[in-house]
Every structure is written in structure tokens, then in C-alpha cells.
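Please go over the structures that come below.
Note that chain A is present in both complexes that follow, paired respectively with chain B and with chain C.
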Partner chain A sequence: MTATENPPAQQTAQTYRPSTLQRFLPFIIAAVVPFILGSTTGDLNFWWKAVITVVVLVVVARLAWKWTPRGELTHREDMRLWRTPSDRSWAALTMFGLLVLPFILASDFTPPMGFPWATWFAVVNLVLIFAMGAAAFNLLVGYSGQISLAHVAFLALGSIVGGVVGVQWSGGNMWYALPAAALAGAVVGAISGLPALRLKHLYLLLATFGFHFVMMLVWREYLQEYFGFVGIRFKGENSPRIASWLHWLPGIDPDQNGEFVITGQFRWYWVLMPITVLSILFMVNVVRTREGRAFAAVRDRDVSASLLGINVARSKLFAFALSSAIVSMSGVLASFYIGSRGEDSFNVQTVLNYAIIIVVGGFSSIQGAIFGSAFFWFLPEWFKWAREELWFVRDIDFLSDYPSEIDLAIKGFLVVIILMFKPDGLAGMWRDFKNWLGRTLARSNP
Partner chain B sequence: MSDAILTFDDVTVQFGGVRACDSISGRVDRGSLFALIGPNGAGKTTLVNAISGVYKPLPGAQVQFHPEGGPPEDLLAYRPFQIARLGVARTFQNLGLFMGENVLTNLLLGRYIHEHTRLIEGGLFTRRAVKRELAARQAIERVVELLDLGAFRRDSVGDLPYGVQKRIEFGRVLAMEPELLMLDEPMAGMSVDEKQDMIRYIYSAQDELGMTVFLIEHDMGVVMSIADHVMVLDFGQKIAEGTPAEMQQDERVIAAYLGTEMAEN
Partner chain C sequence: MLLAFGNFTADPSVNLQLLIGGLALGAIYAVVALGFVLVYKSTDVLNLAHGEFLMLGAYFALTFLISENLNFFLGVLVLLLVMLVFGLLVHYGIMRRMVGQGFFAIVLITLGIATIIRALLLIFYGPTERARLDLLPQGSFEVGGATVRHVDLIIFAVVAGCVLLFFLFFKYTRLGLHMRAVADDIEAAAAMGIDPDKVYAMTWAAAMVMAGVGGLLFGHVTGAIDRSIEAIGLRAFPAAVVGGLTSLGGSIVGGLVVGVIEQFANGHLGTKWREPVAFSVMFVVLLVRPTGLWGRKDLERV
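So, the complex of A and B:
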């Protein structure tokens, strides 16, 4: 069935090649249908749309599964990111889900039992920002094996660059701040990686943690110098706008006062989602090509890596630079999305939060960062909902008296559970689930 | 057979008070199969480590590599990754594989010095990056076929049996297409059948791919049957050097090597 299991008997069973149209059709459907559903207002009610969504979901998954090259694969086919039927199915589903999600969350539908639909949109956007940063952090810590605690320093660097380039120089132009932050992040990241050439493990962790405090000092000085203790305002007159060359696109409409300000969850989603998806795809591509393989080699055995011709020092610095560049970009996005950054926006707790995200999500897997940040943001929301709505939880005063402490305790408990029983985290569980599903499907229709 | 590919002179490696290698000199002829033998702790691996740049020998040592059609290079002036790029590849006695990665990734890492995809190109997956990736895969396909690794392509290396792992590591250095191939006990811990296979692979690396092989081996029988030239170490000293037939007659070799083995039995 899937090439990951690679049974020789089935590999040569039948050769099948879909046409180019067949290869892309499921993805085209997945891309187009959400927008059609989203733009038809009034005449179709929510439940009809829900039925259509589910039908399209099944059709897209089935077609992507069916129209997958089978048999002896060429190198080009073998190299594709989505190679097996199950990969292609999930990719099409994910694409459809990401595109249809904002329309669902923006609809005026109210789920039963006061499930907080509207607040979840904000959570989804935060998940996107955190997934990007955590994936980059995981690329460094999990995939390249350079234990670092400096990522929050780079979120702060992103805010500084956002403040300098995005607010002070251009009055709210996030589009200049993003590449500037990537550049600054890469340069400063490479410098912060210098201790990695001499130190390893716990010692490197301490050195990078030191870098965190240096950056916090810079951040505080910068705030005091230009903004005072209130912090930087990234909203209001400083909020980002949609570039003028995109105004012709359907669905991009001016506000009442004729401006194209990126505000509200729906608009932000369309900014954050593509950037996050593209940056994660970038990292996935790095990991599966030459330099990314070198990262893994340096992580596992640096002596062996150097004898393969890999310049270990250069490779480590590249890992730091790449990771920091993307974390800085996510710092810019977070600043503009959240709207203000003050002195206490970055603290040791944030450092730990990212660590929780990648440990729960799954070490050394970029996918894990996505699961981890979803876990991190959804769980408290779900607890909050449970405390307010579920009858058997609502009556326990203790839970509503100490909400944040209990959230933290449950989170900590789950981290311990995951570390003990499932060291590869949610990403590992997801892999197991996919394998189980593949086996079940293969058994039911051979 | 006359010109040398590697000459080393007065190589001494010292760990504290122990001289693991004591002023060892020698030369490896281009295209030959050079074998380095000796009992446990004789300093064989240390010598290879000194040549490949992992250990620094004491001052006064000379290690020169003569690449095909180029000026001789002083290997002691280079760092290990630069030595690998010059065309000297080696394997490890206790495996230098990346156990968490799959066979394909491990073999593709052998192509690292021949691919030239930059980080950003790889991330954007540009046409050029794809082309280079394809070229690398085609190059390792030859190795996969030669070593019969096709069935394991996507398996994690750590899950495979030891004999296969040894073959993968050998495949990875073949993929580097070095001029000088240094194999550190490639047959250690293998069954007789696997040893036979490995001997065949080493032969084809030497004959068909035109590599010079520098072989460290523990098993005297294997060495005597395949080597062109043998050097024997004992306690960090070179005790004899010559053809396999000469070595079998040499008193010191028998005393140091075969003698101890007999005594053990």
C-alpha cells in the first residue's frame, strides 16, 4: 500500500501513472471550493455548506489517494514531498482544511453549549504564529541538535526590527519589517551560534540563555530610548496595510475610511496562514536537501560528519542563522498581530512555553511544532470552556478559583506523561494513527 | 603501480604517556590494496585517524597525499572536512552512520561534497536544486545496486542488522568517489558469507572504480588473500612490511600476531 512499508511483492504489483491533470485536480478542487462556499452568502444556509464541505473533504481525499503514482517510482517521483497515497490524501485535506477554516470561524454560527467559536479564531491565528516560531526553534534544537534557549531573544529582535523598520521608519509597514527581520535574525543568529562551536549540550544551553538576557537588556534599552515604558504600539496608525498592488484581488475591500488595514481575525488569517505555510515548507525543503542532511549528520556524529566533507562549524552556524531568521520573522508577525509589545512581553516563561511546545509536539520533527502549538493554545481554551459550561466541572469551586494555576499544572502533567510514554510526542502519535489507518484501509479494500 | 598516492613519514601520536603510534612511515601505491594489520591496540586506527585529520600527530610528522594529476597536498595542514574534499574517505570500525536517518539519507550524505546546493536554493527547492538532487540520487543508485541495498532504501539505519549497516557505511564512502579509500575493519563482526561479499565489494571498488584501498583488518586470512602490500604494527611500532607471502614467513609477525593468537587458543 504505502511505500514506507515497502513490501517487495506489492511494489511490483501494478504500475500506475496518473495524468498531470489527475495529479493536480484534487488540489485544485481543494483550493477552489472554499472560496466558492465562502463567497456565496445568504442563499445557502450553514448546514448545507457543512454537508458540501464534508462531501468535498471525502472526495478530495479519495481522489488524491487514487491518483498517486504506483509501482516502480522514478527518482523524480520518489523525491516528491507527498509521495505515498496517504501523504497526498493528507496534504489535500490539510490544504482544504486551511482554506475552509477561516470561512467557518468567521461565520455567525454558534455551536451548542456555548463553545467559544469566535474566540477560537484568535487562537488559530496565534497557533499559526507560534507554529512558525516553534518549527524554526525545533529545526535548531531538535533537528540540528544545538540546544538553545535564545529563541525568545529572537522574538524580541523581531519586535525591535518591527519597531525600527516597521514603525519608526515606515509608519506601520510590516512588509519591509519582515525581510529586514529575517536578515537581522540571520546575522545575529549566526553570532549567537558562535558558542556552539566550542560548547555542547547543557553548556551551550547556558550560553544561549545568557544571550537571551543580553537581548532582553537591548530590548529594554531600546524601549526606554524611543517609546518609554508603555511599549511599542503596532496597532492604530501603525497597523499594517495590504500592499496596493494586491487591491484588485476579489475579496480585498477597503474599510469605511477607504484604507486597506489588516485588522480583524479574518484578514490576519490570510496574512499569517500563507507566511506560516511557506516558511514551514521552506524548512521542510531545507531538511530534505543537502544542507539539511548535513544538520542531521552534525547532530548525530560530528566527527563522522566532518569526514564526509561537512564543515561542522559552518553547518552549525547555518542552522542558527536559518532558525533565528524565521523566529525573528515570527516575532514581527506576533508584534503586529498582538498589537503592542512592552517590557514584560518577553520573559523566561515564554522560553519555557516554546520548550513545552516542541517537547509535546515531538522532538526533531517540524510537524511536531504545529501540533505542539495547537496543543499549547487550544488546551487552555478548552479548559476554560469546560470550567464554564460543563456541569460536572462548573460546580467545583476550586477549579474556577485558580484557573491559570490549574491550566499550568495540567499542562505540566501532560508534558511528563508524554515524555514518559510517547517521547516522539504528538507527531509520533499522528504517525502511528496514519499507519493504523493505512493498514485498516488496506485490509478493507485491498 | 609505481607512483604513490599517500606517503607518511614519522607519524607519532601520543596520548598522555602512551605512544599509540611511534614514528611510523610508509607509502601506499596508487591503485593498490594496502593492508594494515596488527593485534588489538597496535595503533592501526590511530594511524588512520592521524592521516584523516581526526588526531593531530606530534610535530615532525609528514603526511602527503598525491591526488591524480595535481600537486601533492600536505594533509596535516588541513582539517578533516577538507581532507575528505581532497578525495580521502574513510569508514569507522564501530560505524559512523547516522542511526536515526534512513538508508537513502545516509548514502546521500556521501554525495555532500559533490552536490553544491546552497541552503536557500534547497529551501526554495529551485529547479537547479532538484536537478542536483536527482543527480545525487542517480549517483547513489549505482552504489545501491552494487551493494544490493535496494530493499532497505527507506528503512531507518538503526533498525537494520549489523552486516547491512557495515555495507551501508561502505556504500557511503563509495558514493563519495574518493581516490583513497580507508576502511577500518570493514569485516569485523561479520559472518563468513558476509565477509566473502565484502571482499567482493572491496575488489570491485579497487578494480572497477579505480580506487586505492587502505584496509585495516584483524583477520589475517582475509588480508593474506587480497592485499597487495601489508604493513604490520604492534604496540605502536611498525614491525614488518612487505607482500603477504613475506609476512607469513616473517618471524616477528608470527611472534607478535599469530603467536599470541596461538597462545590464547
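So, the complex of A and C:
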């Protein structure tokens, strides 16, 4: 996603400039059509909507591709986040997909062969939360090169802040807890990054792992002091509420007392998706700034970076603070979404899960964090479906006897295999696929 | 810590008991730390799967010594041989391809191996916990009002013996010399005709055998054999770091120091302080002297 990874702009003889309307029109279509499709009820059945969706997908992708500035680019055009036809096309497709997805999942469509459509919504929401946290982890470990295992400590910090600010002080107001968690995460993250000024690689990893255990002690103490063994409940009367301005969204009816409680997958999606998308776009943009380039320089060789005039200490601490702030926010979201957090919510296995997500998705790529968390949460669902429905899998008793263990084994083998043979992970495979697609398209219509 | 020592008024026998318990725990830590040090010293890999290796050893000990009911020495021999084969498997199957990869990628692949071992043990042995091993002498005797278990003394002797054995091995055998050479400078060693591949394989095999010994010993002192005993691998980190990750003798001293500190924290502050205090000690050692008490210092070239 970084600017340096994009192929150089094609130096075609002809310079082409779309008008401002043309530049934005595909994105406007992608933003509007899902809501029209979602608000029409009764008169259009599922299959007609599916056909319209596919048609709009193709049209949006084609228009975004076509109406891209070409030829000699100005500096301003060259610095845009979505610069090439391919970037703009995928961005429009992703936007359309993210907006249309909740309406598709909320429809009462039953796919053939008992495909686990109904469970997908919960999985998608979990993927959104985990993608945010994993992307922040990747920013710190992969992009800035500061090895840290204190990731789960900040999820716990987010839960603590959610418990103090969100539950104890304001009775379920997530909107105070989120900025508070970001602030607390930034401060504590900068403190946890202090060893990075002196230690590197292995020793930094061990030091941050020590921080993990200290934070676990704080978490257990906090739980015992205020909540006891049941843990914090983020649901019921502590469910997050929101101002009722979201009522205009199709499919969302106002509650009886004018209050808008975030429950149910559909509402959660509209809360989680914007937060995740904005924070990931934020990280993608940070990487493109002066600070972001300083991260990479410090990662590659910190002494050389200091000779270039980069304040190495500041850069390292900033990376820790930024990553920890976003991870803490995802911790708040996860606490409120999952609904309860207890003594054993955070353990070494959670650290392992994030490592699996990052490795499978692709190390040091923010895109990879999204792919990795999607894979991590969808694999068990698909595996469960295959065990129950597919005839050639259903008859293997061994698989149905040990479902979760085999799931774990599959993940472990995948980590090993991907690290051995395909270190770029799913993000690397996606890049290869895009390159292949570009070559094929170029060959078919030159 | 000063606070803790400031307000204790317990009678000396309690403290003696804590000291002895700490030394016994420290001996176990030393066994585990020795495994870390062996691998890190010659292959520069931080093996986060060592706790799982140890768990593998404990479960195999269960199979060979209890279920198959083999003669003790024969069973231990079989156990160590199987672990040796597993060590070779880890090297030739996985770690061999990772030589020269980034540091964190190798750490992550050991985490992947750990996950696989945990899942396979769950599949083949099930989640039910087993009673701990009882093949070594189970008695105990009293010293100044404190109880000393025979098992702890045996563990202590075995650890000391292993360290001595490895020390002699590194100092006087040809393979030990090769290992030290590869650890020092792999390219120069390869140019001198040493096969680093074989040396690495031997290292992993040795670490796995140490894990087998550790699993056998830890299986005698743990509460029960179940999948939670892998945590010993992580809890032994402070011991390895305090002693220095490249020093064999350091691992035994570090293990004892951390074990005693942990037991005193346990006795005077409460169980929940064990891990934080141990890791804080590690933290301070890392900040003050990152290479540990006896570790090898590296110079970095820009």
C-alpha cells in the first residue's frame, strides 16, 4: 500500500485528465447504490439485487479505472493515495463491497448445502476488530522493526480503560472510552517503548514480554478489586449507546425511548467498519509521511538514520505510542463487542493468535493484517461447515472428534509452511495475483 | 523487593523452606534455560518452543515409563533417542530452510512449531490431566525445620552433571570445537571445512535431548501432567537472561537466582507476584547489562 510499492506511472504520449466529477463519480456511485439496494424492501427479490450488485461492481471498477489521470503527472497527483488505475479500481470495489456487505448478510437468504451464511456476520465484525489491532501491530513490528510481544498487554489496557471510563464512570458510553484508551495507550506505549532505546531484536522482545506479564498482573488486580471472578460485563445495561442520528440508515429502527443501543451484528457493523477503515487509512497515510519514512530508516539501520538527521529516540517512541494507541482502541471495541472480559481473556495463546494472523497475512504489510485476520476467523467456520456438510469430509470420524485441536494444528502448520515457502503470506499472493491479472489484461487488449 | 524484605518477620525456618523451594525451582529453570542456551549459543535462534519440547518429553516419559512399563534405564534411553530423532526432524524439516532469515521470522516459526506440538499432543493424549511421574525416590528429609525432597536433590545433581558434561564436550571434543567455531563465525568455520548444517542438526538434537531430560525431571515435581506445563518454557526466560543467553554455567546460576527470588516473592508477597517480579528482575538485568551476567558481548559494525 505504500507509495514506493506502486509501479511507476506509465509515460504515455497522451496526457489525460478526467474532470473533477469524473474523478469522484465512481466513488459516489459506490457509496449511494448500497443504501438504495438496502432500503428497497419487498419489491425486489434477492436475485435481482444480486444481479444489480454485480453489474454495479463491474461498472464502478471500470469507470474508476478509466477516469484516472494519465501521462505527465503533477507532484500533487503523483502523491495521491490511490494514483494508478488499479489502485482506484480496487479502492472503489472495496468501498462498494464494505457498504453492500451488511445488507447482503442481513438478508434472509439461505445458500445451498447449508453454507454457514448466518454465522458470517459475527465473524466479519470480529475480523474488523482484529484487523485494526493486527495492522497496528504490523506497523510497529513489521514496518518500524521494533520487535514487541507486549501487544496483548495493550488489549488488556483497552479493556481496563473501557471498564473504568466506559462502565464505571459512564455506564456504557464507548465514545468516552475510545479516546481515553487512545490517550492511555499512547502514554503507556511510549513508556513500554523505553527499552527500545537501549535494546534491540532479541533483548527488546524479552523486555516487552516482561511488560506483558506486568500488565497481566495489573489486569488481574483491577478485576479482583472491582469486579470479582465474573469479570467485567460490557453488555446489558452497559451496552454502548449512540446518538440517534444513525436512524436514517435503512434497516435500523429507532428504539422505544429514542435511545440507540448498539446490539446485534448489523448495528455493530456500522460502528466497527468506519472506525476500522479510518484507522487503517490513518496508518497507511502515516507510513507515507516524514515520520513514517523515518520509521523505515530506523528499522533498516538506526545509526545511519541518526546520521541523516532523524531523531532515533523520538521516532522509536512515536512508533510505540502510535501502535499502542490503536491497539488499545481495538481492545475497547473488542471488549464491548464480545460483551465480557474475565481473568483468562488474555493469555499467551492470544499473543500467539496475533502472531498467526500476522504471519499468515503477510509480514510487514498493513494489507496483510486484514487478510490474516479474515483468514484466522473464517478458517474455523469453513472447517466446521466442511465437517458437517461435505460428504467426503463428513465421514472422517477423526476430524469431527477433534475439531478445535485440528483447527489449531492447521494454523500451526500454515505458519510454518508460509514462513518457509512464502514469507510474504497472503498479501504477497494477492500482489502476485494482481500482477498476473494485469499482465493477462494487457495481453488481451493491448 | 526491598519493601518485601523490610516487613517480613517470619521465623527463619520459613525462610529456609522458601530458600530450599527456590533452589529446587531454580534447578528446573536451569534445565530449561540450558536448552535455550544450547540453541541460542550455536544457532542464534531464540527457541520459544522449548516449553513445548519439554511437554513432549514429559508425555513421552509417560508413554514409555508408565504405559509401556519399560525398565527405568531402558525407558529413559528410548525417551532420549526418540527426542534426538525429533530434534533432527526439527532441524532437517524446518529450521534448515530458515537459516539466514530475519530474526523475528525465526522466532515466529518456533511459535508455529509450538502450536503444532500443542495441537498434536492434545489430539493424541487428550485434554485429561495425568498424575505426575513417581519413578525417582519420593521421600524427603528435614534440615533445620525445612523439608528437602530427594527428587530436588536428584534434579540438582542431574543439572550440574549436564552442565559439566556440556562444558567438557565443548572444551575437549572435536564436535564441540566445531560447534564453538560455528557459533563464533559461521562463514569462517565453513571455509575451514566444518559443515554448519551438521553442527546445527546436532545442536537441535542436543536441545531436544535436554528437553527430554527436563520433561522427565519436571514430570516428577509438577502438580499434574497436562498441557499447562508448557508454561515452564516462558517462565524460564528470566533465568536464561539473568545468566546470559550464551553461557552454559550462567544458566545454572541464573536459574537458581531467579528461582529463589520467585519463591521469596511467592512467600512474602503472594502467588500473583511471582511472574511480575521474575520478569522485572529480567527487565532490570536487560537494561543494566543486556548480555546477562556471563554472556558474550557483540560489537556492531555500521
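The rule is short, and it goes like this: the second predicted complex is superposed on the first by the 423 of 446 C-alpha atoms of A that agree within 3 Å, B and C clash if a C-alpha of one lies under 4 Å from a C-alpha of the other, contacts with A are read in each partner's own complex, and residues count from 1 in each chain.
Following the convention adopted for this analysis, a residue touches a chain if its C-beta (ideal position, glycine included) is under 8 Å from a C-beta of that chain, and two chains touch if they have at least 3 such contacts.
Please read all numbers here as calculations on a predicted model, not as lab measurements.
Participant: Based on the superposed arrangement around chain A, label chain B with chain C as either clash or fit.
Facilitator: Verdict on chain A: chain B and chain C fit.
Participant: Is A:G210 touching anything from chain B or chain C once the two structures are fitted on A? First, second, both or neither.
Facilitator: A:G210: touches chain C, not chain B.
Participant: Once the shared chain is lined up, is A:I356 touching chain B (first), chain C (second), both, or neither of them?
Facilitator: second
Participant: Considering only the touch criterion stated at the top, classify A:R293 as touching first (chain B), second (chain C), both, or neither.
Facilitator: After superposing on A, A:R293 lies in contact with chain B but is clear of chain C.
Participant: Who does A:M79 touch here: chain B (first), chain C (second), both, or neither?
Facilitator: A:M79: touches chain B, not chain C.
Participant: For A:S304, is the partner it touches chain B (first), chain C (second), both, or none of the two (neither)?
Facilitator: A:S304 contacts both chain B and chain C.
Participant: With both complexes overlaid on chain A, does A:V416 touch chain B (first), chain C (second), both or neither?
Facilitator: second
Participant: Shortest C-alpha to C-alpha distance from chain B to chain C once the two structures are superposed, in angstrom?
Facilitator: Across the overlay, chain B reaches chain C at a minimum of 9 Å between C-alpha atoms.
Participant: Do chain B and chain C land on any of the same chain A residues, and which?
Facilitator: 301, 303-304
Participant: In the complex of these two chains, what residues of chain A are touching chain C?
Facilitator: The touching residues are 141, 147, 195, 198-199, 201-203, 205-207, 209-211, 213-214, 216-217, 220-221, 301, 303-304, 348, 352, 355-356, 358-359, 363, 402, 405-406, 408-409, 411-416, 419-420, 423.
Participant: Tell me, which parts of chain B touch chain A in their complex?
Facilitator: Touch list, chain B to chain A: 52-54, 79-81, 83-85, 89-90, 92, 96-101, 105, 108-110, 112-113, 115-119, 121-125, 129-130, 132-134, 136-138, 141, 151, 153-155, 172, 176.
Participant: Can you tell me which positions in chain A touch chain B when the two form their complex?
Facilitator: Residues in contact with chain B: 3-4, 6, 8, 75-76, 78-79, 282-283, 285-286, 288-294, 296-297, 300-301, 303-312, 318, 322, 364.
Participant: For chain C, which residues are in contact with chain A within the complex?
Facilitator: For this pair, the touching residues of chain C are 46, 94, 97-98, 101, 103-105, 107-109, 111-116, 118-120, 122-123, 231, 234, 237-238, 241, 245, 272-273, 275-276, 279-280, 282-283, 286-287, 290, 302.
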